[in-house]
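Paired with chain B in one complex and with chain C in the other, chain A is shared by the two complexes that follow.
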Partner chain A sequence: MSELPRARELGLVGCRVCGLVCQDIFSLEAACPRCGARLGRSMAASVARTWALLLAAFILYIPANVVPIMRTVSLGDVDDNTILSGVVELWRNGSPGLAVIVFSASIVVPITKFLVLGMLLLSSQAGSGWARLQRALLFRATELVGYWSMLDVFVVALLTALVQFGIFSRVEPLPGVMYFGLTVVLTMLASMSFDPRLIWDGGESDD
Partner chain B sequence: MTDKREPLRADDLPEPVVRRPRFNVALIWLVPALAALVALSLVVNNWLQAGATITISFLSAEGLVAGKTPVKYKSVVIGKVNRIALSGDRSHVLVQVALDNSAEGFATVDARYWVVRPRIGLGGVSGVGTLLSGAYIGADVGRSKVSTDAFVGLETPPAVLHDAIGKSFTLKSGDLGSLDIGSPVYYRRIQVGQVVSYQLDQDGTGVSIQIFIDGPNDRFVSRDSRFWNASGVDVSLGADGLKVNSQSLATVLAGGVAFQAPPRPHDTSPAPENASFTLFADQATAMMPPDGPSRYVRMRFDQSLRGLNVNAPVEFLGINVGRVVSMNLDYDPQRQRFPLDVGAVVYPRRLGRAYEKLAAVAHPGGAQTELSSMIGVLVAHGLRAQVRAGNLLTGQLYIALDFPPNAPPATFDAQARPPLIPTVPGSFDKLQEQLAEIVNKVQKLPLERIGRNLDKSLAELDLTLEQINQKLLPQLNDKLLPQLNDRLLPQINSTLQDAQRTLGSAGRALSADSPLQQNLERTLQQLERTARSLRALTDYLGAHPEALIRGRQPDQTLPQGHQP
Partner chain C sequence: MLICAYCDTVYRRRPLAMGEVARCQRCNAELERHQRLGADALLALVFTALIVFVQANIWPIVTLGLNGRQVSTTLWGVILVTWRDHSLVVAMLVASTLFFFPLFRMLLLGWLLLYSRRRRRAPGFRHAMLALHYLRPWTMSEVFVLGALVSIVKAHVYFDVTPEAGIYAYAALMLLITLLTGFDLRRLWNLGEERA
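Right, the complex of A and B next:
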């Protein structure tokens, strides 16, 4: 046995919920006879769903960065900030550490996610067998780090709730934060809908 | 399931049930479509909202921040500063403003922009809100439809916005006084408007001040309204005591304009927009009847006019009819005198009804009213100009046109332009003349003869007294006493004894060393000295009669008369 057998090749499918092993009927509508969880898995559906969510997230990521996310009113001085201008302001006002955190959470992580998911999708669609283990690791890391992008949304939400001192100081959320939150949610959904088994599908020669 | 290790056969395993999916997988593509729609709507919205981009030039960008400073109209944000740059010649800054789509009316030629900053002036404090929030650009929409994208920003906020209800008027004044843009305009001490702008007239002879009266009070400005400069404090001392009259304290400090209708029948119809009025210096001047056209007259005085100033009043029988405008020294080579040419502006209309009647006399039947012919009539009746003291304390003089008694006849040239009014010396000159007359009369007194006669009389008196002393008293002793001894002694012996006692005391009294004798002699000596000094006085008075008035002059006085 030059290579390890796979469930599909043996005509088997395991229920992910209750662990029942069934015959693989290669139907998308198959469900576990014991617990009713879905068994059918379609590479095409997963890829399409991931693509769609990723695309939607990417589209919303543009207004999330252009439209200001937060309004700071201090002593009548109204200041609207987008994500990037907020980072710049933090850096200028002597909080480079905070600026780095916000920058990585709001810019680096989402963009990394777009790139990683896009790359995974493309390579999976191509059925490439290149660096499968590393790609799987990358996917797990992406999933883990993904929800940290919500940091910005939490910051805005917290500040809005906490900083309400009338004319002295006030923080208001602006539409941008909604787009940004949607982006984060959609990327998380996208990474959830990506079936990591796709990485291992396809050409078996290489491994 | 006991046979665990037995290899599984697919046929033994349960078959999955088939369940139809709740929705089609392709529906997931609705999500990106929706996202795209949202993004697109944002773009479209942004594109629709974006209005004109205009450039405003200011002298300084103080307080302006690119990307942040808003442009506001009535505190509504209508745009935002995009970019701030220096102009090519670095003389001012160019502020690029992105207006909202709704603010397209603000990109027309007569829209105005200014920077709202905190301002503190005598008239008040403005823009305090911007102390905390930072400056913003104020905008005022114009009425024009011609659009443009380049503006010159105002350095001070405009006093009146375009859509303010009210009327603008123009005030003509000789100078600006203490007025400034924003100075208040009062009607019955209520502020009803303000000074909007001012500029020099084209020829530079005056100032035009634009004021704006807020509605509905603009209806109080009638065609006959009088405007005056309400700056300062008016202190007047009248029969009813000291009166201090002023508008509000702010006006005293910062200046202001007040107006009111004249206290006589007048045109009460509201003045039209942009009507022109004269700005008077004070309320009293403003309330006077209209002066009508002014005329220039000339007077020639042969005396010093110390105390007569330009703007000194010219009065006709106590009525102020004009003022002095010029004083020029002239030289008359024939008489070797320095006459003073005094020019004055008179307002014949101030004479009121008298003017009309005089005009009728001067031009019977004619409608022409020539001032010089009217003056000619008056001069023929004895009108003369005279300089009089208006105030003895300060020595201020004024010119009185009057009919002085005994005025010397004068000629009047009706063709001369400007007319020359003949003059008579003023009251001070008259006093000098009277003094000179007195001196003349004193000089004519026969003081020398009087002195001589007095001298002679005194000498005779002296002689007489001497005779009495030397002859009468010895005779009395020689002749009377023997007679008395012979005839009366026996009878009145006893009486004589009393008389002897009496006579003895009398004899003591009359003796040469008696006090009476000495007193008499001293008196005579004094009389003699008096006579001598009288003689010296008469001699001196004869030589210097003016000493009677001026006192004895130790030095030789200068010869009389002008030496040019």
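Right, the complex of A and C next:
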């Protein structure tokens, strides 16, 4: 192992909210004397909560993609768009560059988040020492880009408010956008409840 | 002392030079960053951000035109229309991540900074600090600016689109909020610790 000491080995614990360094009394009820946040670290609780949120997010992600998110009505002509068909339409008669951005935010980012968090949970549960540095980087990357997925929700909301031309043209939000918004919120909560210190706990490192 | 929040490695804290960033040697996460701005400069930024926030919310964002008819909207227009269209989840997401959370964050930070200039903890200090910590990831103004851009391009195919002043105010707000987010809240915990 490296010569860098870890708080756990020294009987210390860092508060996740305010950063105060505290003596670890190994109690789940322990609270930070400065900010009052919980200090106790329980691998089981963090892993179970993250799994629950991630699964809930994944379940909602299915209707988010299948159910249309937006309806365009113009002169009686009804056109429902899902997330994917919205991207295709933007590619065809808007700008391919923006279509790539929307595709990344609505599809690549959530799917990558499911895969990365799932992998992190499994490898932490196994106490694996595999590619710790890379896993730590992946976690921080998901934390950083996660909320950009809300892009499509804002687009639908803005278009709904703007396209209000009565029978000539109207845009309405459809339930898909609600499922999608909830998916994004749940994946954000999932990555917040994952304790990245778990990546470094357990067996010897390979590196 | 300082403990890396990402991997639990313990470090001895040392003062950082101008522009310096301390990184964890184990996991490469940022530990601490030199804080260039003092309380006064930050307070000025908070006030600027609040003024721009008001402008971004009262000025229309975009105007659409079709056959001589014009429709424009503000952020609150978006919230009310989606609410009326029974998309309560969308309305609440927009209202919280683009209006209430950014507003609360600016007000709370301003409140704490006003007192920190006199090296004191503001009334309600602990609750305000906790609220700031938990609200931090839920402010999405920059995503909204990109969303407005996508909406403009999408609507451009069928309508005459005119970007209004609100969108520029939003772009400015996005930069100001990013600057404020760069402020390390943990600095404020050191204020008047003897009273805690």
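Just so it is clear, the second predicted complex is superposed on the first by the 185 of 207 C-alpha atoms of A that agree within 3 Å, B and C clash if a C-alpha of one lies under 4 Å from a C-alpha of the other, contacts with A are read in each partner's own complex, and residues count from 1 in each chain.
Throughout what follows, contacts are C-beta pairs under 8 Å (C-beta built on N, C-alpha and C of every residue); 3 or more make two chains touch, one makes a residue touch a chain.
As the structure is a computational prediction, the values presented were derived from the model and not from experiment.
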A:Glu29 touches, of chain B and chain C: first, second, both or neither? first
Greater chain A contact set [chain C / chain B]: C
Partner chain in contact with A:Leu158 - chain B first, chain C second, else both or neither: second
Touching partner for A:Ala45 - first (chain B), second (chain C), both, neither: first
Chain B versus chain C as contact partner of A:Ala56, first or second or both or neither: first
Partner chain(s) touched by A:Trp200 [first = chain B, second = chain C, both, neither]: second
Touching partner for A:Val21 - first (chain B), second (chain C), both, neither: both
Contact residues of chain A, present in both the chain B and the chain C interface: 10, 12-13, 20-21, 33-34, 36, 182
Chain B-facing residues of chain A, complex: 10-13, 20-23, 25, 27-34, 36, 38-40, 42, 45, 48-49, 52-53, 55-57, 59-60, 62-63, 67, 75-79, 167, 179, 182, 186
Of all residues in chain C, those that touch chain A in their complex: 1-10, 25-29, 61-62, 64, 66-67, 69, 71-73, 77-78, 81-82, 85, 87, 89-91, 93-94, 97-98, 126, 129-130, 133, 137-138, 140, 143-144, 146-151, 153-159, 186, 189, 193, 196
Partner chain C, residues of chain A touching it in the complex: 2, 4-8, 10, 12-14, 16-21, 33-37, 74, 89-90, 93-95, 98, 101-102, 132-133, 136-137, 139-140, 143, 147-148, 150-165, 168-169, 172-173, 177-178, 181-182, 185, 188, 192, 196-197, 199-201
In the complex with chain A, residue positions of chain B that touch it: 8, 10-11, 13-21, 25-26, 28-29, 31-32, 34-36, 38-39, 42, 68, 129, 132-134
